[in-house]
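Both of the next two complexes hold chain A, though its partner changes from chain B to chain C.
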Partner chain A sequence: MFGGLILLVSLLYLGLLFAIAYYGDRRADRGRSIINNPYVYALSMGVYCTAWTYYGSVGRASSSGLGFLPIYIGPTLIAVLWWFVLRKMVRISRMNRITTIADFIASRYGKSSTLGGLVTVIAVVGVIPYISLQLNAVSASFTLLWGYPELRFDPSDRFTISGLDTALWVTFGMAAFAILFGTRHLDVTEHHEGLVAAIAFESIVKLLAFLAVGFFVTFALFNGPVDLFTQAMADPDAARLATFGAETIDYNQWAWLTFLSMLAILFLPRQFQMAVLENMDENHIRKASWLFPLYLLVINLFVFPIALAGLIVFRHQPMDADLFVLGLPMAAGNELLALFVFIGGLSAATSMVIVDTVALSTMVSNDLMMPLLLKLRIVRPSERGDYGGTLLSIRRIAIVVIMVLGYVYFRVTDTAASLVSIGLISFAAVAQFAPAFLGGIYWKGGTRLGALSGLVAGFLVWGYTLPLAATHSFGGAPDDFLLYGPWGISWLRPHNLFNLTGLDPVSHSLFWSLLANIGAYVIVSLLTRPSVIEQGQASRFVNVFDYSAESEAIFLWRGTATVQALRSLLERFLGQARTERELNDYARRHSLDWTQMHQADAELVQFAERLLAGVMGAASARVAIASVVQEERLSMDEVLKLLDETSQVRAYSRQLENRTRQLEEKSRELEAATAELRAANERLQELDRLKDDFISTVTHELRTPLTSIRAFSEILYDNPTLDEERRTQFVGIILKESERLSRLINQVLDLAKLEAGAAEWNTTEVDLHALITEAVRASSGMAEEKGVRILTRIDAGPPLFVWVDQDRLMQVMLNLLSNAIKFSPEGRGEVCISTERRDDWLIVHVADNGVGIRPEDQKVIFDKFRQGGDRRMGKPQGTGLGLPISAQIIAHFGGKLWVESEPGKGATFSFTLPLSPSDHR
Partner chain B sequence: MSAKVLIVDDEANIVISLEFLMQQAGYEVAVARNGEEALEQIADFRPDLILLDVMLPGLNGFDVLQRVRQHAGAHELPVIMLTAKGREVEVTKGMALGANAYITKPFSTRNLLDEVRRQLEASRQTEIDKKHETFTD
Partner chain C sequence: MRSGARESWLVVLFVVGCLLFSYPLMELFNDAALLFGAPVSVLYLFSAWLGVIGAVWLIHERRR
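Now for the complex of A and B:
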């Protein structure tokens, strides 16, 4: 009964995946993507965590403590560099319509179909152990769960349930699922939105399931982590792990595995698929580079506690440590949790299998079979026929073949090998891509032959030291081949090449294979010359960020092709509808009319090739295009000439750019200068206006006394018989106005001198009190005339000395006194002078009891020609320059002149003067 | 009946000279020292001609002229502007506002008296013409 339930729930789960994928595709069709965000992107990268992580990490931990960790440290470390490396990979892939990692490498080295095929073979061979690992884990967990409530685990009956080989069933089931899921679309450069959504969902399921069992074990089976560790210390096996003793950690191996997993996260076909090909937006990489490591951290939290718990619980019972995750809830009788855990494991395995088979089958069809079929003329692009279907069929067959190969590997190799050790073999295989790949995107010097040599060398060493060796250790017991080498040649021992000892098999293999790989790649690259097309691609890849769009490629091509031939070629692989759409888009972009255009130009041929590359890979597309295009092979001379021209054009355009930049700079400078000029001009105009105002005011002020003088002079002249009284009055006015006129002229000149700084200053030590007394005496005549009393309130005491120009200070005092007298009421006026000492300053106040100054006038009276006074009383006598001049003088002494007044209550003018240094006591 | 002249200026000495000149020529004279006073005098004294300074405290000469021209009973009253600001703009502005003549300070007393006489004559002639028209209608 329980067996039926397991099957039912599994099928329901797979059905749910389909529903999610379907929903994701539908949303994509309607243009409302559900995967276009960094969170789904990071989750989809969680495909890194397979059954290996899910079951195998605990197995690894229970034998080597923290030895499971490097596989997660590597990706975490390299995530820091994602923004530079991964983004470059994404950009290159998008611009070149890359479909797989094989396509990527083939495309970089001149669209070499040989290279593409080789990478495909390595990828398939390398990933097969990994797939076998998933089959192993799913069938083992299924077998274990099937036996519930019994906890039977016997390796010998792992393969059969009621006479049926479960692993084989799982193989076919997964193959069917992968076919249904992964080969629904033809163009592999279009995003598989449904697939990504389903994978992201699976990442959530396996994480939740693993956390669930982790919590259950730590907090339900044990009383929290402390209890768990305490009990572990009592158990000899577990205690060895819990103490993290040095003997459990092989630092050498740690370093190698960390390095290995750094490469694996970049080059595993499924990681390449998710991180590079399915990337929707380069900016998602930024967030994913901390989200993904976070995911890894969380999913590993409970690995160690579960391993310890497994060792304690299954102390007296045979149980594969790789199955602790499932065995623990079963042993505790929690069948629901056990079922959930099983589903979690299934999700971990299916996500890996689906994505890897999609990636691998695309590689097989595009980079292996298609070039082969084209070469063997089984597929003839120039003839009628629909080859889109052929491609899909190849992919489906490839999936089945890959799955079966995985099964075979599973049966042939050591059945007792741990999950992790199987997975590491695959890691080491894909690590072989690193030199050609990374060299290809950062080093223009890498050549096709170099890449081929490196890959072959690395692959051979890998094959010899790992999978071949694995077939020689049935039942965990190494045979003579491993122990003594082939034909007894000891330096050929697969795990000790050249007698290298001290490394575990994986590190050992990685060391030699990468050494051979890099060595061959670099040396052969340096020895060979890249072809023209290789050079072009090298530049497109290495300098990808310099190319802003696809159209910027250099067209090193000459030949003839008709539009019609290209069109029918495209139709055969893309279908009529899509061909029509793409060509129309192209025509619109380039403003072409297909009815007017019969001969294809280089750009159109390139465009068609890129379209085909999206379906069948770069190398196959190259062959297919060549079949309809009459190409003229360019001689090296011509190529050099073309390149020369291009570089001349480039140099010229660079010159133009520089020139433009210089001009821009110049114009910026000019603008700045113009702005300065404008500001200066405005300032000048302002000054000009002020000057005009001043002149206009001065003229007005001069004209006024002149008017009276002239009018009365004429009157006197015309009326010689004027009576004496009038005569005297008029002559008096003429005299007064003449005085006013000369005073005015003097003050204007004085002020002009002060403002221009041209006044002469004769600064000495002056006794302030003496000066005030003198000023009062000089004003007394004027005061008496108006009946105004002048009071001085000065402290008796030692004389106060100030450092000033005596005449100038006198001028100020006289001006203030005459103002005060002028504005005091006639007959009862009172002017009071007082001094005050504050710190190092002396303050002099001149107060009157006149009409006062309105607040709005208190400032303007210090402006030139502005006078206060009551409007109704007519214009006060004076030039309107006295106060501005006084203020200038006081300012020159370092002091300040101001007024305080309440209308009707008189005004007090005050100024400060710095005390003479000798008075600073 | 002698003609009435209103003198508007805030410079006491200038007022004295203008007052003397107008009285000697036989006109009846009133004096205003600012714009507001001028408007009051126009209403009370009903002058036949105004000698109007531009630079006055408060309402300036232009303001006064504008009010005069808007006033129904005085819009044909002859106004002679007197100003110490002899700039072209000022003259144009004053003329545009409806001043009958513009005399710059310092002025020639004879020119001033001639101008006053001419303006009074012209204004009287217009009134006679108007009356004549009414008769012939």
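Now for the complex of A and C:
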């Protein structure tokens, strides 16, 4: 009765999975994906935890102590690097429409169907022990539960309950389930949304079931973890399990297993399927890289406590430690929990079997059988026929064959072997992909032949040291083959190659197989030249992040094909409806009209190949395409040129454009700034020179009066007996020179103020005529002294007002008048002041009848300290600052000061002033 | 966190993680004695494990 219940619940559970998958697919069809989030993504990776984790970890812990942990620590560590490695794998797979890990490796090494086939064989052979592990665990747990309430477990009667071999029934049951579940769709590049949803759900079920039994054992059978540990550690044998050492696990083995599981999490076909192919968004990797390790940690929390509890509870009772998880609730009489635990184990096993068979059957059909059928011309793409169905049939048959092989392995190897030791054999097999795979995405130098030789070498060493050796050890007892080697050759002993001792069988196998694998891969790669297509693919894989998403196509192809031939090829593999849809989409994208187009171009051929690759894998698609097009081989030079042009140029052109634009802008800015700087610098230098000139001139000008003052003072000082007349004369000179000095200093300060714009201006409306009259009166003394007449010719009429600073304008007038008087001939000199009105301007002229100013001096006299005439003619008669100051003042009023002169005929200084607004009449 | 810095931190964390779970450091805690009711070795492994996960979380999720 209880047996019937177990079956019923199991079937209900599997039915629920179907419902979830169906729901997931429906949601995806309606564009509302339930798996497009990082949480489902991380949970779907939980497919890593199979019956091995569920049942086997406890078994492992009860003999090797903490030796069950490296299998989960390794993935945690590599998950730290997922952002680099996994993201790259995802990107490459998406861009190349990769369908399996075999497809990945084959694509990388020039779409080689040989390589794809080899990887498929290794994957299938390698995963078979793993599948047998699931069969083993499910049938054993089923047998144990079937016997409830009796707790009898005898390996020998496992196969013959009610005259039936349970493991065989489980095999067929699971195969049927996997076929129904995994081969519903043809195109494998489209996400299996329903499958992923179901797997994520299974991850939750097995986690909950395991936590349930963990809590039950720790808190119901014992009084919490402290009680459990205290009781267990009282026994020295159990206490040893909590330490590292020869009896449990040594550090050497620990390190090897950690390393091995790092590779396994990347290259197990089901992990590749879930983490790479079913990835919906690269950014999900961020969350997954801590969520997935967290899942591993939580599911492992109770492994060690359950193992210790099992050792205590089943101290006097024979019980396979791999079944403690189920045995403990059964022993406690908790049948409901036992049933839940069984379902949890079933979910762990089914998730692994489903995903692995989907991945492996796709590999077998796409990367092994299809290329073979195409090459043997059993499938002729150029002939009529529907080959989509053929692909599905191949996959279904492959699933049955794989499951049966798992069963066969289970029967021919040691039934007493622990679950973990069986699983590790598979880990070591998929680790063989690491060199070709990682080398393929990080090293352009790896070649097809290198990858082939590496894989073959590693696979052979693995096969000899692990699965072959496993068939020579029954009931834990090794036979002569293991003990003494084939034909007694001791250095060929499978667990001690070259007489190496000190390593456990798995580490030993891993070391030798990877040594052979990496060695062959690297050396052969270096010795061989990659073909044209290999080089192209190497670049696409290694530099995947340099390619933009749009630059998918590199047209490494030149040939002719008709659109009709391509269309019928596609129809045979994709079906008519989908072909029609895809081609119409393509035509819309490229604005083509199929009725006008008969000859396919390279891009269309590439497009068709990618479509086919999504169904049958890259290598097969290549063969299929080749059957309908006449290819011309490209020469190496042409290809290199194409590669250079397309890949590199395209990859960098956008960056370059941006950079160039930025640089141009920068250089423009820079040029402008440089010009400004240069101008500023020139100006500064000019100012600096002017300042130097000015200072040297000023000091020179100051020194002249100082020198005379000093000289005459010394004379007076040294000759106290000097007569009165000379004395008065000398003191007069000193006085005059002192006056000149203070005037000079005042003017320098005045000029400095004017130039700095720091002078104070009291601008008012000033009557110009009154100001001129005043200035003339002030200068009359000086004029009389020299016998010079001053004439004013001012228009009679209303007073003219200007808007100026009266004192400043007076300063200008006095300066001009004194200059005119100074340079007029003594006795017959004549200075004439006149004003004239021109538009809004007033012009004032001050003319003399002196020697005049030479044309070359007419500009210079407005410079500081420059005076007209020849210096040799005698001592300068002014400070040389009067005119520059006057010019500054007039400029400030908005006018202009200039001179007109002919030598010998006198000079006329003129300045303009704007009329005050009130005079604008 | 600057994007380049995040990548560097990940590499550093990987190296630190490898050290935490290998011989010399593990030997320091290779002891079955009970601490807070659990063997020291178990306590060490699980807390180091949690520490690495927490660090990955910190690097990826903080100040994106």
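Quick note on the criterion: the second predicted complex is superposed on the first by the 622 of 921 C-alpha atoms of A that agree within 3 Å, B and C clash if a C-alpha of one lies under 4 Å from a C-alpha of the other, contacts with A are read in each partner's own complex, and residues count from 1 in each chain.
In this section, contacts are C-beta pairs under 8 Å (C-beta built on N, C-alpha and C of every residue); 3 or more make two chains touch, one makes a residue touch a chain.
Small disclaimer: the values here were computed from a predicted structure and weren't measured.
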For this session: Pick one for A:K375: touches chain B only (first), chain C only (second), both, or neither.
Result: neither
For this session: Answer with first, second, both or neither: which of chain B and chain C does A:R589 touch in the superposed model?
Result: neither
For this session: Would you sort A:R529 into first (chain B), second (chain C), both or neither based on which partner it touches?
Result: neither
Exercise. Now for A:R661: first (chain B), second (chain C), both, or neither, which partner does it touch?
Worked result: neither
Exercise. When the two structures are overlaid on chain A, which partner does A:S696 contact: first (chain B), second (chain C), both, or neither?
Worked result: first
Exercise. With the two structures laid over each other on chain A, which partner does A:R854 touch: chain B (first), chain C (second), both, or neither?
Worked result: neither
For this session: Kindly classify A:E714 by the partners it touches after superposition: chain B alone (first), chain C alone (second), both, or neither?
Result: first
Seminar exercise, completed: Between chain B and chain C, the one with more contact residues on chain A is chain C
For this session: Share the list of chain A residues that count as touching for chain B in one structure and for chain C in the other.
Result: none
For this session: Spell out the part of chain B that touches chain A in their complex, as residue ranges.
Result: 10-14, 16-18, 20-21, 24, 33-34, 55, 57-58, 84-87, 105-110
Seminar exercise, completed: Listed in rising order, chain A residues that touch chain C in their complex are 66, 69-70, 73, 76-77, 79-81, 83-84, 224-226, 229-230, 233, 239-240, 242-245, 251, 254-255, 258, 286-287, 289-290, 293-294, 297, 301, 304
For this session: Provide the residue numbers of chain A that touch chain B in the complex, in ascending order.
Result: 696, 699-700, 703-704, 706-712, 714-715, 718-719, 726, 729-730, 733, 736-737, 871-872, 874-875
Exercise. Given the complex with chain A, which residues does chain C contribute to the contact?
Worked result: 7, 10-11, 13-14, 17-18, 21-23, 26-27, 30-32, 34, 37-39, 41-42, 45-46, 49-50, 52-54, 56-57, 60-61
